[in-house]
Structure formats: structure tokens, C-alpha cells
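Order as written gives the chain letters A, B, C and D; numbering starts at 1 within each chain.
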Amino acid sequence: MPEKRIESFDVKRLEILDEEGSVDKTLMPALSGEEIKSIYEMMLLSRAFDERALSLQREGRLGTYASIRGQEAAQVASAFAAEKSDWIFPSFRETGVQIALGYPIYMLFQYWSGDERGMKCPDGLNVFPICVPVGTHLPHAVGAAIAMKIRKEKKAAIAYFGDGATSKGDFHEAFNLAGVFSAPAVFICQNNQYAISVPLSRQTASSTLAQKAIAYGFTGLQVDGNDVFAVYKAAREAMEKAKQGGGPSFIECFTYRLADHTTADDSTRYRPVEEVEKWRGRDPVKRLRLYMEKEGLFSEEFQRHLEEKVQKTIEEAFRKMEEIGHPPLSGMFAYTFKKPSPMEAQQMKEFLSDGGG
Amino acid sequence: MAAVNMVKALNMALHQEMEKDPSVVVMGEDVGVDGGVFRVTEGLLEKFGAERTIDTPLSETGIIGAAIGMAAYGLLPVAEIQFMGFIYGAFDQIANHASRLRSRSRGRFTCPLVIRTPYGAGIKALEIHSESTEAFFAHIPGLKVAVPSGPYTAKGLLRSAIHDPDPVIFLEPTRLYRMIREEVPEEQYAIPLGRARKAREGKAITLVAWGSMLQRTMKAADGFDADVIDLMSLSPWDAEMVLGSVRKTGRAVIVQEAPKTCGFASEIAATIAEDAIAYLRGPVLRVAAYDVVLPFSKLEDYYMPGIERIKNKIEEAMRY
Amino acid sequence: MPEKRIESFDVKRLEILDEEGSVDKTLMPALSGEEIKSIYEMMLLSRAFDERALSLQREGRLGTYASIRGQEAAQVASAFAAEKSDWIFPSFRETGVQIALGYPIYMLFQYWSGDERGMKCPDGLNVFPICVPVGTHLPHAVGAAIAMKIRKEKKAAIAYFGDGATSKGDFHEAFNLAGVFSAPAVFICQNNQYAISVPLSRQTASSTLAQKAIAYGFTGLQVDGNDVFAVYKAAREAMEKAKQGGGPSFIECFTYRLADHTTADDSTRYRPVEEVEKWRGRDPVKRLRLYMEKEGLFSEEFQRHLEEKVQKTIEEAFRKMEEIGHPPLSGMFAYTFKKPSPMEAQQMKEFLSDGGG
Amino acid sequence: MAAVNMVKALNMALHQEMEKDPSVVVMGEDVGVDGGVFRVTEGLLEKFGAERTIDTPLSETGIIGAAIGMAAYGLLPVAEIQFMGFIYGAFDQIANHASRLRSRSRGRFTCPLVIRTPYGAGIKALEIHSESTEAFFAHIPGLKVAVPSGPYTAKGLLRSAIHDPDPVIFLEPTRLYRMIREEVPEEQYAIPLGRARKAREGKAITLVAWGSMLQRTMKAADGFDADVIDLMSLSPWDAEMVLGSVRKTGRAVIVQEAPKTCGFASEIAATIAEDAIAYLRGPVLRVAAYDVVLPFSKLEDYYMPGIERIKNKIEEAMRY
């Protein structure tokens, strides 16, 4: 059927750092050696947290945990592009983001042990509590972004989510609002190829996730999600654009979850070992290290030093969590409303007198 | 002080709150240029501009979800859902987010949000324009629910809702929008959330109603020595006033517009059965819509509890 | 930022019949003179219904009514492309679709007078009841389409909706499912430029609605919605494609609502008269008549004959609706469940004894 | 006959129903290749293929909305929502569509749909994995609600739900999935919807519970002459059995896992207060979760009604 062409769109992909650790210099973002080392450190720290959390879970000292292994570049490098004044809206698989932003690690342990005190973001940081219902936090980010615009504050609202989240109506309504209000929102999707057992091909018939932004009148870009420089550059530019009044952006970080969905999952039921192995070879941490070696930013001693530091940080955080201990039983009350209702007050009295349960 | 209808009373409240507090922002479908399909937001766009009177896309999840983000950021959003039957699109945002943000973040982030929505049958509207599902919201800890029964309570409750530090579902009885006029003070005044009021004092029977049923209940009460309670807030609700009245009268009839099963009347009856049973002379009776799918407009008059049905129940209760 | 292009998409627009009644012969669909006359008749019939409904509403004999004036081409021509065995999922502004499909007109009067008996689609037709909550019927169409595929029946599920509906999560989830399951669904959007008072530019930042299909991996096409031939051709091809196993399609009919949103609306509050006037000039009925005149398919006598016929049909339908009269009061019961619950049965007894209300 | 857990009992039911009726189709997130996150749908994909065991995108509105279309078309879809806390995304589809299709079309289109979902706390899961909001669904005319309390009732109720001509919300108590084993017949059997069962006979007090609370209530009833009713269906519900029991015992305690206000226990209490008050010796008591936001897992044991709390209430009731 021959018709007039009235619009046309391209979808692009950004890659800077290849698997051998070489970069495309023309695309390289402005990052000092210290900054690159710092990103590397955060990636190690995130991975160490991840490993510790997995083993604590196995020992029954944490609840269900969602590993980020394989997604450290997408998380750390994008968070590194944010400023303290930005507002961050994480899903449940964002440990690397939280750590890179300086979220207290002992609080992450608290969260994963089932203690809401871990979600009381410290002042000076604006990290929303983890959102468990997939994709439903995206409208919050857009609302915060609209508020920033109304208040004329040069900040961005940054929302993280997975490939599965793109199928939710919340994703759609949030993206559409962001477009209409040209809100300073940055949407960062970690396309790790699966939503639990559902592969991307079952999640959507679109060939990229990035192209979904076309529906909302703004740009979607795919980046190699295991490439810290591509992720950083795309995130940084999107955040700057947002703060300059340029409106929202969508970044699809093409990556892979190397571990099970959560500690309650067994991923061998639904994906071939060879696929996992292939992606293991694309480890984002290793890739950055190769680059650093080439650039003289790396030494065995530096690595040892970092590993020790990171372990110490994790151990201290865990100890702190343990020292703080179990939340007070009355913690169930007092946060339903600012001022407890008479009903709640009465029930709390009963609870305290009979010990609950 | 002038006699105005509920639309006008609500409109006055919005004008005054927006005037006094630049954090207050109104948003929803058709709230701006059109002034709202019932004209409750009329004139706000002209006065406060498009950044504070926000016409949104047709997007209930987006509206409430964004309003949550705005509230957490420090604004005081007053979001409109065009009819209560369309609020379900935002149910996840309300039940999983608005109501829990304070608890989940241990008070670091809060949600001082008002969701206004016309509710109830009686204007012969199209399907899904007549719902009365306040019990859903009263069952969600962390949400408040307010229901004015006329212009005066509407203005005072809306002020409290806007300044409440927690999310409030604010239900406006569509049928009453233009039906009754009351004297409403020009100046701002607040009616506290969580408290009921005595619409009439009496000694022989306690009648409890809210929203659009109050008026019919008052009419049905004619000729009886009835204590009529206008609940005004369903969550938290003024159990103390209801129980006090029942302890005095020994009889109770509760009137709700919603289908009977699991409506808010059941909560009131259960509370009476738990805490005032020794004072009762007879059963706690409920007048409610039937447990059927809400009919289209030709049958709505038969569906909604009418004055006759309420009267019959009062008579039944008086027999004990 | 120079990146690799990994995808590119075009959005096209189809126009066949211009405002002077001339057609692009190379694009003209295969329609006989009789078929064209029949489409024209259905458009007149729809318009006559519309006018009668508006006047009945003013007299208080119908409830709120949503006029289709200006959208007759989009509705009638697309419905004309469907087969009896297809399943149709209308919104509340689809009178022209229903009429073109042969839905009994007296039942439409019943519906708009507030009587659910009007939604009991006659056997042999598969027209779902009108959906009032905007956009929420799209998943139903997709479900029916999936069922057709499972049952290996060569049918299509055809959903109608407006521009406003494209902002709802239901739209998104339905389109995504249709794409993933390659379901025989045809989505027909009448972009009439407004959702009550909200203009398209406030509804979405995308420059066309057609491009929204890109997000779901299938084709979106814009057609001149006041052009019967473009609408028919696009709809017919989409339906055939669906039945051949080619999966879903999205058609944006670019049109305009000439009347108020409903009888409860006053459109002068939010749109300029000149805009309405401009579109009045593009009247789809007039445009088809110009074509028919050119092709010798039209005469004054034919027009008079049609007008009489149409008026008669409408009057008979209205009379039939009046004869049937008010629904029985017990109509409130008996359709909640197939077998009334004890509670319902008990309440019905009470109702019948005290007359309800 | 073998002693199996609830997961196995449900799995058996699905295998058998799919085997016997080619219209039965299972759909949801991870129900196919993964066999469901709780393994309830294990083996169905291998046996019945991808057209009848449908792995869907992460799309609650899409799943339920499509299932409605499939049901109207003539299939018997059994849709899974992964946890009850995620069902709100489909609330509009349930409240405005599934429950109303029959009424709206005067029976021309119907919705023989089952929505299965794990519900309730007690497995120390992440947030939003422990909800128990059955009262929402019981308040929607046109929906049925069934809640098994163990493997035996699970299998028999699921069969009835699948063959019911109307939509059924089928709530599976997550905590019980693998906790108890019961003898479950190999062959198919149906437990009718809308009927309760006596879990124990007694004369001094009526205890009503459902789902995960039945077990605790049974334990708490030890040492009392209690009539224990396992409700099994909340809509329609077996008011007759409850009222009959209360008329016999004169005492009632209702146990629910949900927050107290507007829970289903309130409906039961209100019904007793309306229809059996003359038989009561004392108040109708409710044991429920507190009216607070559901805590994270470290506090869930203090939140859920436990055996001690139930026992205390029974003792309180026995004092009259």
C-alpha cells in the first residue's frame, strides 16, 4: 500500500568500551582517572555486598534477595552521573545504584532482612524506598520531576526498572506524562533479558526497548549496559538535558542478570547454561579492569587494597545492622498516619499489653 | 455568608487554599480549561495558571502516581478522578503506594495528597458513573476517607483534607452537587477529619449515614425521636459518637448507598455488636443497595435506598 | 552523540479521497457502486440516528448521549470492512459502527435511555457491550483474538477507541499482548483531536498516534479519517492480514468531533469556533457525495429516497423501543450471577414485596 | 489416595481439569516454563502445550483483561496473579468488567474466569507479597470469592471455580502451600461454592475462619466446646450455617488475617447482629490484624493474628 511517509525515526545504540578493554576515544566521556577508579571501586563494593547478601540469605540471616551480578556497570555508572540533589526511584534490583549514591550499606542489610528502617533514606540524599510492585514507581518519578519543574529547581528525577516493567500500564502512563509535561525525568531500564523466567521475546514484540520512547515523543537510546563509559555518558547527557529544560530521556541498558532472579528462584529451569556462560564472559567489572590496566590505572596492589577496603566496609555495615538489632515491636504502629487514629492508638495499647501475634 | 450549592462551596475552598498556600496544586482530566466536568475547579486556571491547575492526559494511574511523587517532593496536590468508577485504574497507586509511603520510609517521605472524586448514583448518568465503593478505601490502612453531606461540610472538610499530612480520599456526592444550598461562610474554616456530627438529636433510635444518604435519612427520620449521625469521615471514623448514641438509644439503623455485603455499614454494625451489644434492644439494621450489579439509569431509583425503605427499617427497629 | 543506528521506522498516512471528491485511482479499494451506495446509506442512517438522539435527549427522553457527527466515515467504512463472524469491541462513541454492522437500532435507543437490554447483542452478531471506562476494553479484544488463534478460527477482533484512550495503561498492555501473541486484533483509533476538553497536544507528545505501534512491534498507519476509501482500505487490509495469521495492526483515523463531547458538554469552553468550522468543511458525508456525483452514483432522487428510508427506520426503531417500554424492575436481579445467590434471592424477595427504592 | 500438600493438590486439579476439558487454559507470569513461582502449574506446559499454558508478559491488566475476552469467547481461563498485592493493577478489569459482563449484556456475554492468587502473610516474603484483601472482592457484586484452607478443600473448590459460569477469585493461602498435607482423592471431586463446612462441632461458641486462619483457629479452639466453621467461600457466603451455629451457641468469635476495619469479619458480625442478635449472650468478637500498614517481614509474626490472640478472644467470649 503506497502511502505518504509522515514521520521517521531511528533507534541508536551507544558502545564505547569493548570486551578487550579498548575504547572509542571519539566517544569517551570526560572522566578523570580518579573518577574511573572510583566507579571501579563502587562496582567492587556492590559485588561484595551482593556476594555477602547471597551467603547471608543462605544462612537464613537475610530474607529473599535479588542479586545484581552482571549489572554493576549499568547501575554504578548511571548513578555516578547523578548529583546528590537529584531524586532517585529504584526498583528492588538496584543495590549498585544505592551504593554508588552513598546510601548507607547497613540500611540495605536492614531492608533485605525485612526491617523498614532500612528504607528511611538519610537526609541529604533523595532515594525513594525500593518499589516492589514492578514498574509502579515510574509515575512517582514523573511527579517529582513535574514538581521540580514547577518549583524551577534544576534537578532530575531518575527512575530505574527492568525489561519486564516496560509491559506495565504504569510505565506507559508515566512515560506519556513525562512527554506531555516535558518533565526532567530520566528513565533507566536495565534490560537484563528476563523477567523471572520470561525472556524478552515473550515480554514484547518490539525489537528494542529503546524504541518504546517513540510513542511518547522523546528519545530512547540503547547502550551497551556492560560498558561503564557508554552508560555514564548516556546517563550524564540525559540528566543534563533534563536539567536544561530539554525534557525526559529513556536509556535502555542492554545487559544480563548472571544470577538467579532472586534467592527464591532457580534459573536453570528456564535458561541454558551456555547463554549464562556467554554473558559471564562479558562481565562489566572485568571489562573495566582491562581498560584500567591498559591506561595504567590498575595494579595488583590497588586491587588488593580495594578488596580489603570493600570487605571491611561490608563487614562493618553488617555488624552495624546486627548491633541495631530487631526493630521494636511497636514499629508496626506510628507510621500509618502522622498522628495515630484513635483506633490505631487503641489497638497499639492492646498489642503492647498482649504482646501481639 | 451566602447560600450556595456544593459545587460552589468546593470551588470556594479550592480558590482560598490555592491563594493561601502556593504548594497547593490541582490536577486531573478537564480540570483546567474546562473547569472540571462539574465545574468544581472553575476559574482556577485563570487565577493560578497552568502550572498549578494541571490538565492531564486521560490517565488515572498517571494522575495519582504523579501526584504521589509531587506530594513526596513537597507539593500539596489535589487530584481529581472524574468519577469514582474510574479510580480503579489507580487502585494500585492508592493501595500500594499513597497509603504506605510514610510507613515504608519511616516518615522520610510522606504523601499529603487529596484525591477528589464525585461518587454515587442519582443523576441518571451513564454506566460506571454512579459507584459508591467507599468501603474499599476504608479498608486500606494509611488512607483517610472523608465524605461531605452538603455544601457546609464540603468546604470545611476539604480544607482539612488539603492540609492533612496523609493521603485523603475525598468523596463528593454527585447527586448533591447542585441539589441543596446552605449558608457557607466566606472565610476559611476547617471541619476535622475523623469526627462525626449530630445532624439531629434524639433519644429513641440511632441513625447513621454519610454523603448522599444523610439527606434521605433525615427525611425518613421525620416523626421519630432519632439521633441522626452524619459520619463525614469513614477513616478514621468516629466510633465513639456512634457507640455513645447507641448506648443511649438502644437501637441502630445504618444507611448506606453501596451494596450491602462488606459495605461500611457492616463495619459500624460490627463495632456496635462488639462494643455496645449490652445496650441494644433489638437487631442492628442496615439499609443498603442490593447485592447486585449497579443497574443502568432506568432502574437506579429502585436500586438506591430511598426514603420509604429507610422509614420501613426505622419502624422495624422501633418495634423492639 | 554519534551512535550506531540499530533500527529505523517510518510512519505513513493514507489518503485516497480528497475534499473535492476526487480519488487516487491507484489506491482505490475494490468496492462496487452498490457497496459504495450502501456505505453512504449507513452514513446517512448514522447521522439521522445521531440527530434524533440529540433531540430526544433535549426532550428528556434519552440520557446523556455522545454524538458521532464528523466521524461517520471512520466508523461506517471500517465496520463495512468487517465480517459478521468478527468480534467488535466498541467504546461509547461508536453508533456508526454499530449501525453499519446491523446492530438493531431500537436497542441503541434502549442503551442511551439507560436500559441494559439494549446491550444484549443479537445472536449472529458479536458486538460487545459499550465500554464506558475509556480504553479498558482493549484487553478484551486481545483476549478474544488470542482465543480465535487458539481455536484456529479465521476471525478478527476489532477494537474501537479514541485518542484519549491511548494514554491509558490498558491500551499499552493490550497492544503489547497483541504484539507478543501475534493476535488477530485490529485496533481502530478515532483521533478526533480531543478527549473532552483536552486537545491532542496535551494528551501525548508524540506527533502521530500511529507511531505508538512501533513500541509493540507491529504496524501503525494514519489514515484520513474523513475519507471512506482510505479507512475502508486500511481496515480491510488489516483484517485480512489478521485472518491470514499476520498479527495485529493499528489504524489511526485522523478525524474530528463536530459536536460537543456529549450532551452534558459545552465545547465552546475549550475550542475555537473557527477550528470547528474548518472541520465542518471536511464533512465526510459531503465528501463521499461529491465522489458519487462524479461517478454517477448519485441523484437527488436517490438522496430523497434514502432520507425517507432512513427517517422511517429511525422512527420505527424509536417506536419499537417505546413499545417495549420500561425495563421490568426485577431486571436488576438475575444477571449478577447465572444462578442468584441466596442473598440475592432473599433481597429480590424483599424488593418485590416493598417496591424497592 | 495420598497425603499431599496444597501445591500438589492444586496442581492435580489443574492437570485433571485441563485433561478433561480442552477449553481450560492457564495463563499468567511464569506459569509455563517455570511452572509457576510456587510450582502450582508445574508440568502443564509439557503436557498441554504453549497455547493452553500461556506465559504472559508482566502485565496484570493485560492478563485479566485478555482472560475476560477469552472467557467471553468461550474458553475457561484460569489466570494467575503472582501475588495478591499485584492484583490491584487489574482492579478495574475485575470490578468494572469481569463482574459485570453478564449483567451489562443481559447474559449474552459471560465471564467464566478464575483468578488464582496466593495471598496472606507468614512466609517472610518481601513487601507487597503478604496481602489479604479478600473483603474488596466480596464487596463486588458479580464476583465469587473462594478460599481453601488446606489441600482437600483446595482441590475440590478449584474444580467448582473452573466450571462456575461466573468469575471467581480463588485465594490460595501462601503460608499453607507446603505446610500441611492431607489425604486428597486421586479422582476429581467438587466442593460447591457458597457453602461453608463444619471443621469441628461444638455447642458453646461459634468460631468462624477461612484460609490460613482456619488452622490457627482450630488450634486455639482446643479445650473449648467450639463449633468451628471453615467458610471456604466469601461470596456468596454461607450465612445460614453461621447463623444456625450462633443460634445454637449464643457466642461468636470471627477470625480474619486482614486489618480489622471493613474486613470480611465485619460482614459476618453485622449479619449476626442483624439476624441472630436475640440468641447472643455477649458481644460478637473479632480477631484481626491491626489497622496499620502491613509491616515488613521482621514484624509479620506480631501482625498476624496468632493462636494466643485467638484463644484470648475465645476466653473473653466465654465469660458471657
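One rule holds for everything that comes next: a residue touches a chain if its C-beta (ideal position, glycine included) is under 8 Å from a C-beta of that chain, and two chains touch if they have at least 3 such contacts.
Please read all numbers here as calculations on a predicted model, not as lab measurements.
Asks: Work out which chains are contact partners of both chain A and chain B.
Replies: C, D
Asks: Name the chain whose C-alpha centroid is most distant from the C-alpha centroid of chain A.
Replies: The most distant chain relative to chain A turns out to be C.
Asks: Report, in whole Å, the distance between the mean C-alpha point of chain A and the mean C-alpha point of chain D.
Replies: Roughly 36 Å separates the two chain centres.
Asks: Provide the C-alpha centroid distance between chain C and chain D, rounded to the nearest whole angstrom.
Replies: 39
Asks: Compute the distance, rounded to whole Å, between the mean C-alpha positions of chain B and chain D.
Replies: Measuring from centre to centre gives 30 Å for this pair.
Asks: Give me the residues of chain B that touch two or more other chains.
Replies: Each of 56-57, 59, 61-62, 85-86, 89, 92, 96, 102-104, 127-128, 141-142, 235, 261, 291-293, 295 in chain B touches at least two other chains.
Asks: Provide the list of chain A residues touching at least two other chains, using ranges where the numbers run on.
Replies: Within chain A, residues 116, 133, 136, 167-170, 173, 176, 180, 202-204, 335-336, 341, 343-344 contact more than one other chain.
Asks: Testing understanding: with touching defined as stated, what is the shape of the graph linking the protein chains, line, ring, star, complete or other?
Replies: Here the contact pattern is complete, since every chain touches every other one.
Asks: Quick one: in the complex, what on chain B touches chain A?
Replies: 25, 51-52, 54, 56-57, 59, 61-62, 64-75, 77, 89, 92-93, 96-97, 101-110, 141-142, 144, 165-166, 194, 235-236, 239-240
Asks: Help me check something: in the complex, which residues belonging to chain C touch chain A?
Replies: Residue list for chain C touching chain A: 1-15, 26-27, 167-173, 176, 179-180, 182, 202-208, 210-212, 214-218, 221-222, 233-234, 237.
Asks: Can you name the residues of chain C that touch chain D in the complex?
Replies: For this pair, the touching residues of chain C are 87, 116-117, 119-121, 128-129, 133, 136-151, 157, 169-170, 173-174, 176-177, 180, 335-339, 341-344.
Asks: Looking at the complex, which residues from chain B come into contact with chain D?
Replies: Contacts found on chain B: 85-86, 88-89, 91-92, 95-96, 99-100, 102-104, 127-128, 133, 135-136, 138-139, 141-142, 235, 258-259, 261-275, 277-278, 280, 282-286, 291-295.
Asks: What residues on chain C touch chain B, complex-wise?
Replies: Of all residues in chain C, those touching chain B are 63-64, 92, 111, 113-116, 130, 132-136, 164-165, 167-170, 195-198, 202-204, 264-265, 269-270, 326-327, 329, 331-333, 335-336, 341, 343-344, 347-348, 351, 354-357.
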